[in-house]
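Chain naming follows the written order as A, B, C and D, and within any one chain the residues start at number 1.
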Amino acid sequence: MTALNVGPTPLARIGRFMADNPLVPLILLLVGLVALLQILQPGVVNSRWLANTIKVAIPLAMLAACQTLTMLTGGIDLSAGTVATISAFATATLTPLVGAPAAILIALSVALVIGLVNGFGVAICRVHPLIMTLGTALIASGCLLVYQRYVIATGTKIPDFLVWLGTGRTLGLPNGLFLFLPFATLVIWMQRRTGFGRLLYALGSNEAAARLSGVRSWQVLLSLYALSGAIAGLTGLLYLGVVKTPSLSLALPLDLPSVAAAVVGGTSIFGGRGGFGGTIIGALILTVLGTMLTLMQIPEGGRRILFGLIILAVTALYIRLTEQGR
Amino acid sequence: MTRFLSKNSRTVGLAALLALLLVATKLIQPDFGASGLESLARAVLPFAFATVGMTIVVIAGGIDLSMAAMMAVASVTAAVLMEGASDGQAAIAVLGVLVLGLVMGAINGTLIVLTRVPDIVVTLAMLFVWQGVALLILNAPGGGAAPWLRDLVVGGVVLPGLPTALTEWLPKAVLFLVIAVALIWVPIRRSRLGLMLYAIGSDQLAAFRSGIPVGLTRIVAYALAGLFAALGGLSVTMGTGIGEPIPGPYLMASVAAVVLGGVVLGGGRGGIVGPVLAVFILRLVRMDLTLLSVDPNVTAIIEGTITVAVVMFGGLLAVRGMQK
Amino acid sequence: EGYKIGISNTVQGNGWREEMICAMKAEALASGKVDSLNIAHRNTDAAGQLEDIRNLIQAGVNAIVVNPTNADGINAAIKEATDKGIVVVAVDQAVTEPSAYILSNNQEEYAYIGAKWLFEQMGGKGAVVYMRGAAGAGADNDRDKGFKRAMAEYPDITIAQEVFTGWQQDQGKQQINDIIAAGVPFQGVWTSGIDNVIVDAFTEAGAPLVPIVGADNAGFVSQLSSVEGLKGAAVTNPGSVGGAGVALAIQILDGKVPAEKTVLVDPVLWDNTTEEGKAQIAAAQNPNLSPEWPVSVSIPGWTTYTMDQIIACKGPGE
Amino acid sequence: MAESETTAPVLDAEGVSKRFGAVQALRDASLRLGKGEIVALMGANGAGKSTLVKILTGALRRDTGHVRIRGTEARLNSPAAARRSGLVPVYQEPSLIPDLDVADNLRLGRTPVDAFRHWVAEMGISDLRLDDVIGDLPLATLRILDLARALAAEPDVLMLDEMTAALPTDLVEKVLRVVRQQADGGRSIIYISHRFAEIAAICDRATVLRDGATVGNLKIEPGIEERVVELMLGGKVAPVASETRSRAAASGDSAIIPRLRLRGLKAGTRLADVSFELNRGEVLGVVALEGQGQDELFDVLAGNRRPAAGSLEVDGRPVAFGHPADAIAAGLTLVPGDRAHALLMSRSVRENIALPLLARLRDWGAIRVRDEAARVTSAIERLQIDTRAQGEVRRLSGGNQQKVTIARWIAKGVNTLLLFDPTRGIDVRTKRQIYGLVRELAGQGAAVLFYTSELSEVPQACDRVVVIFNGRVVDVIPAAEADEATLMRAAYGLSRAGTEPA
């Protein structure tokens, strides 16, 4: 380097740091939102609120893991909310009949089977993931409605363990973390440090190139969608514990937010870019935003408009911050 | 001819499937005829407009998740403006709603270009914004629609000079759809602008380097989607006579129809005919399931299976076409 | 030769609506006069309901029982049906088309009596958390009118927070959690059918309970008698009105045309602060029922099926 | 300046700089172009040539510097604006719209069809249909179409960025002729290529870039090559690959089992009947004109396509590949001709190189980070990859991207390497290094099949060469006799004196 090439300015250096560590600006934005919330509603940011926010964000983040992982390959899993609902409903209705462990096992198996069906369609029949998962969601919800007619009078019971996980607190923090922390660690480790994780990015980036390098993409996709189904099933169990009502549409309202959490967290729907770390922050951002709007005394229409505009502003800011370094 | 067939194998396949379904419907319900077609066409209308709008943005390499929400804004605006209005005022209101659609779409597009945030995030955010706007305009179903507007899509076509029996089987709603699409999309498709839309969807960088104003073209794509959303919202109001602030199930339906119709998510490939045929097929399947008095919960299962099966079959056709 | 009856409903996967469908099937079966039911049951808007009704007309049904998306949006198709001699009965909500018969739960009254009881409990003053249904829905709007009517009668009652649950359990629970955590002061909760999760939220947070008004959903009704310190009331909003609608349609087809085209099913309030209310709650209890199902599974004078029949949820020919 | 220009320059760039985040792509680039002049823009991979062209054609904004067109300061905001000023590029990557057909691409750029057809025919592509979809056309054809489109626009200044890198020799000659004619007709041309023969054949001057700055401007004359290389590399002259050719395995010793034996291989419409043997320790060249079936041949060997007929033996055992993974398992690894088909553009250099290490089901578990890092680093060093923009391969210069496609298999370990024109767009120094690398691999017992469109590479890298014409092997020539003239004759299907074509 010659004298002509003066070192980068401090601003550019900060920019590059942000670009290399995209989680940092995302966390800063989250902190900014929390500060805004505290200004709008003084005193709201307390430990109880924090525990509450984490509790609500966990199932959202877990369901968004399904979206993140599938989106890395350029896919999507629109059946995640349905699978979670089915898993929750099956657990609650089967527990009085066969006991909690067996009920949970059945519920998770059903989730895995739906995931495998998705995987079969996407990986082997090459159906577009959006259509495949939308299709299985329709089919599965039809099956759920048929099933529920047979268990109207059997009563429901939510396993105590799930209630403890969903609503209990330890040292002021929600017990859901006992499930989520290992889960998140595992997912992030898998996505960064395992061959399978790398292949997800590879398929999303250029499937033909991955093929030329010897990757059999059907194996990856089949495993991926099965995994996604299993994660959705697990989320359903946790959500059952959180909400404590086995509704027929329990986790369906999470479908769109789970996609939103992933994209706000920096994962590209066209594949090859992003990660679960960002998704977790994305889920927290959405949850904090939800609280902010709940507590705001304005007409519902205004709330939705604000919600949309803030999401847009946060993502635009995020892109500005990380782009500096490019 | 063979080249045409292999290039359009998807569309031809869908048309054949539609014909097959029509025959099946006639077998299920022997008195299925002009009135059946007519009600089918009216049901298709909002879905078709949503799908056409979605097709255009998808071809241009984007996606518009705010489609149904924009339809709701158009629908409530039209209903509020037309309630108790004279025919002349109602006509102005209709024009105003179409302009509103263009403006909403252009806002979506401009935000995408200016913020450089991915299309899916911007339109997801705008989905909430337009929902909010619809609620602010009308917080519960209400408003009205001018009778002449509602008559525009009711019944069969009657052309002066031609025997009624010859034209009557063709529902006015189909004619309305065809005319609207032909007036807006066909001239664009044939112009350089149409190519530009395909070009930015196919390869944005190559398009930019070929001297195409990429940002502007994207805005145009979204504005067109907004215009078709307005037409969709208007057709909801035409059918129901009111405006509903809650968006109907048009978003997912239109994305599904776009993919079923052979348009590639990611852009650059496909046309408008396939997705519109797909819309007709999906509506007709629903009609047949009702006619057969299938258990409603099983209906969902069948609809899901058919959707997936059509895509699998379409994929097979495409592979065949490539091998030729 | 029995009748062929069509059914159109636009919300799927919600306990109330599922009960309504089961009531319709059970009544059709119990009457012994119905050959087949054509049911269009999915999530859609008024335009979609127009499509469904027209499909039912195509299917050649004798009567259509419809839970309308809103009062004005489906008039055109109803008119087409009645012009063809098909009997149309709107249940749950009213329609403005005069040729239809209406057998509806009185939504405005539903909100009014609940709110009035709540404000009374609060001593006529204080702040209330107002948890509505889905923004922009017709029924929500009707209920709002009733709620506002009660508000007008109690000038010292203010709204601490107004939120829309979208009739989703998780949304409602999250919102009440936020409100409790934020320390917003309030003395009562009125909620539009998302109720048992609200009580749960109080107990889980260890927050002092305030009077809560909900609907007659199995979960909430059981909480009214089991949760320590809970003062509350359930307002009935029977999903079985669907069964009543089928019964009315059959009567009309049989030639027994009612004098009035509109019949309102008026809601009843069961509270756990009076002996009479406690007795009603105890009688209505049904711990085995899905918590989202309303416990009022039949409407005396209208429906003829048994408890077992509605739970079996089978229609003619199944 | 090496010489004083008499006329005012058509294009004059001065002190141009451009930074991409961490990478200072251009620091102080200058360039002058007179009327009717062809200036070669030279520099090692990553020196900033393409960046300069993009700036001069409005595809990128410069950070600092001046650009004057015919003496007046130019504000080049978009490719369209540059075009209006008479500046028309052919970029290093194809810039046609893949999903549109040829006719629509022409309409899109308002290119006159007749002129376009004229130029396409001039460059010897006869079977082009206007309704062919761009995405279905071979890379070489795309380059010609790009050029024809630029020529049809009748530009004042034509900029050709490695236009010939993907072209076979016969097409290169036609292109060179056309370009020279353009200059003779008064147009000015910026010509980028890593092939000295081409520069010597048509260019008037060379402007040399090093690390983003113009370091020299000299007249082309015989013997200039080493001067330019010195300038490009900044004095640190590269260790030229040693001429240690083993050439042992070249002889057809029938006792040893060949690594690879092809018998009557047929695929698609072009590959008709190919048989030959590839031994361990051998670098076997493949020479063919455009479209003689070489693509299908490599695709079949790489398991990317099934043959219609014929047999394939690896180490004497018959094999049939259903997927590239099968070929890789048998030790056959491909560096494809089109790097766009091989690279994960949005991923890092490291992930791209490590990709084959993780492909098999049994590699799905934890990555052995240290082992991977060691392999990747050593491959990067051996190929001298400029890793300044390593976070995303798309940000690398074209030549460095090409190197990544090779490095991948070096890191994995090579048994049989199938190289399809591997030196496309690679600078002289690295090219020599690659020849050395290939020889070294062969020396260690690997077998290498080396297709090249640059005939001068054959004697430097190969032991023997098979010539394919019309989908058949028409000749097998020892490297010692494989001078360009001989190869060219053979490639056109003309028999060599004294030998009968197979």
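The rule is simple: a residue touches a chain if its C-beta (ideal position, glycine included) is under 8 Å from a C-beta of that chain, and two chains touch if they have at least 3 such contacts.
The structure presented is a predicted model; accordingly, all values stated were derived computationally and were not measured.
**Student:** Is the number of contacting C-beta pairs greater for B-D or for A-D?
**Tutor:** Taking the two pairs in turn, the one with more contacts turns out to be A-D.
**Student:** Express in whole angstrom the distance between the two chain centres, defined as the mean CA positions of subunit A and subunit D.
**Tutor:** 43
**Student:** If you average the CA atoms of subunit B and of subunit C, how many Å lie between those two points?
**Tutor:** 34
**Student:** From the C-alpha centre of subunit A to that of subunit C, how far is it in Å?
**Tutor:** 33
**Student:** Which residues belonging to subunit D are in contact with no fewer than two other chains?
**Tutor:** Residue numbers touching two or more other chains: none in subunit D.
**Student:** Give the residues of subunit A touching no fewer than two other chains, as numbers and ranges.
**Tutor:** In subunit A, the residues touching two or more other chains are 141, 145, 149, 300-301.
**Student:** Identify all positions of subunit C at which a residue touches two or more other chains, and write them in rising order.
**Tutor:** Answer for subunit C, listing residues that touch two or more other chains: 12, 135.
**Student:** What is the shape of the graph in which nodes denote protein chains and edges denote touching chain pairs (line, ring, star, complete, other)?
**Tutor:** Other.
**Student:** Applying the document's contact rule, which stretches of subunit D touch subunit A when the two form their complex?
**Tutor:** 20-22, 24, 27-28, 213, 302, 304, 323-325, 328-329, 334, 336, 341-347, 351, 354-361, 363-367, 369, 391, 408
**Student:** For subunit B, which residues count as touching subunit A in their complex?
**Tutor:** Of all residues in subunit B, those touching subunit A are 111, 115-118, 120-122, 124-129, 131-137, 139, 252, 255-256, 259-260, 265-266, 295, 297-305, 307-308, 311-312, 315.
**Student:** Mind pulling up the subunit A residues that touch subunit B in the complex?
**Tutor:** The contact residues of subunit A facing subunit B are 78, 121, 125-128, 130-132, 134-139, 141-143, 145-146, 149, 256, 259-260, 263-264, 268-270, 299-309, 311-312, 315-316, 319, 323.
**Student:** Name, in rising order, each residue of subunit C that touches subunit A in their complex.
**Tutor:** Residues 12-15, 18, 22, 135, 161-164, 166, 168-171, 173-175, 177-179, 181-184, 196-197, 200, 204-205, 219, 287-293, 311, 313.
**Student:** So in the complex, which bits of subunit A are touching subunit C?
**Tutor:** Checking each residue of subunit A against subunit C gives 41, 43-44, 46, 48-49, 52, 56, 141, 144-145, 148-149, 151-156, 167, 239, 242-254, 290-291, 294-295, 297, 300-301.
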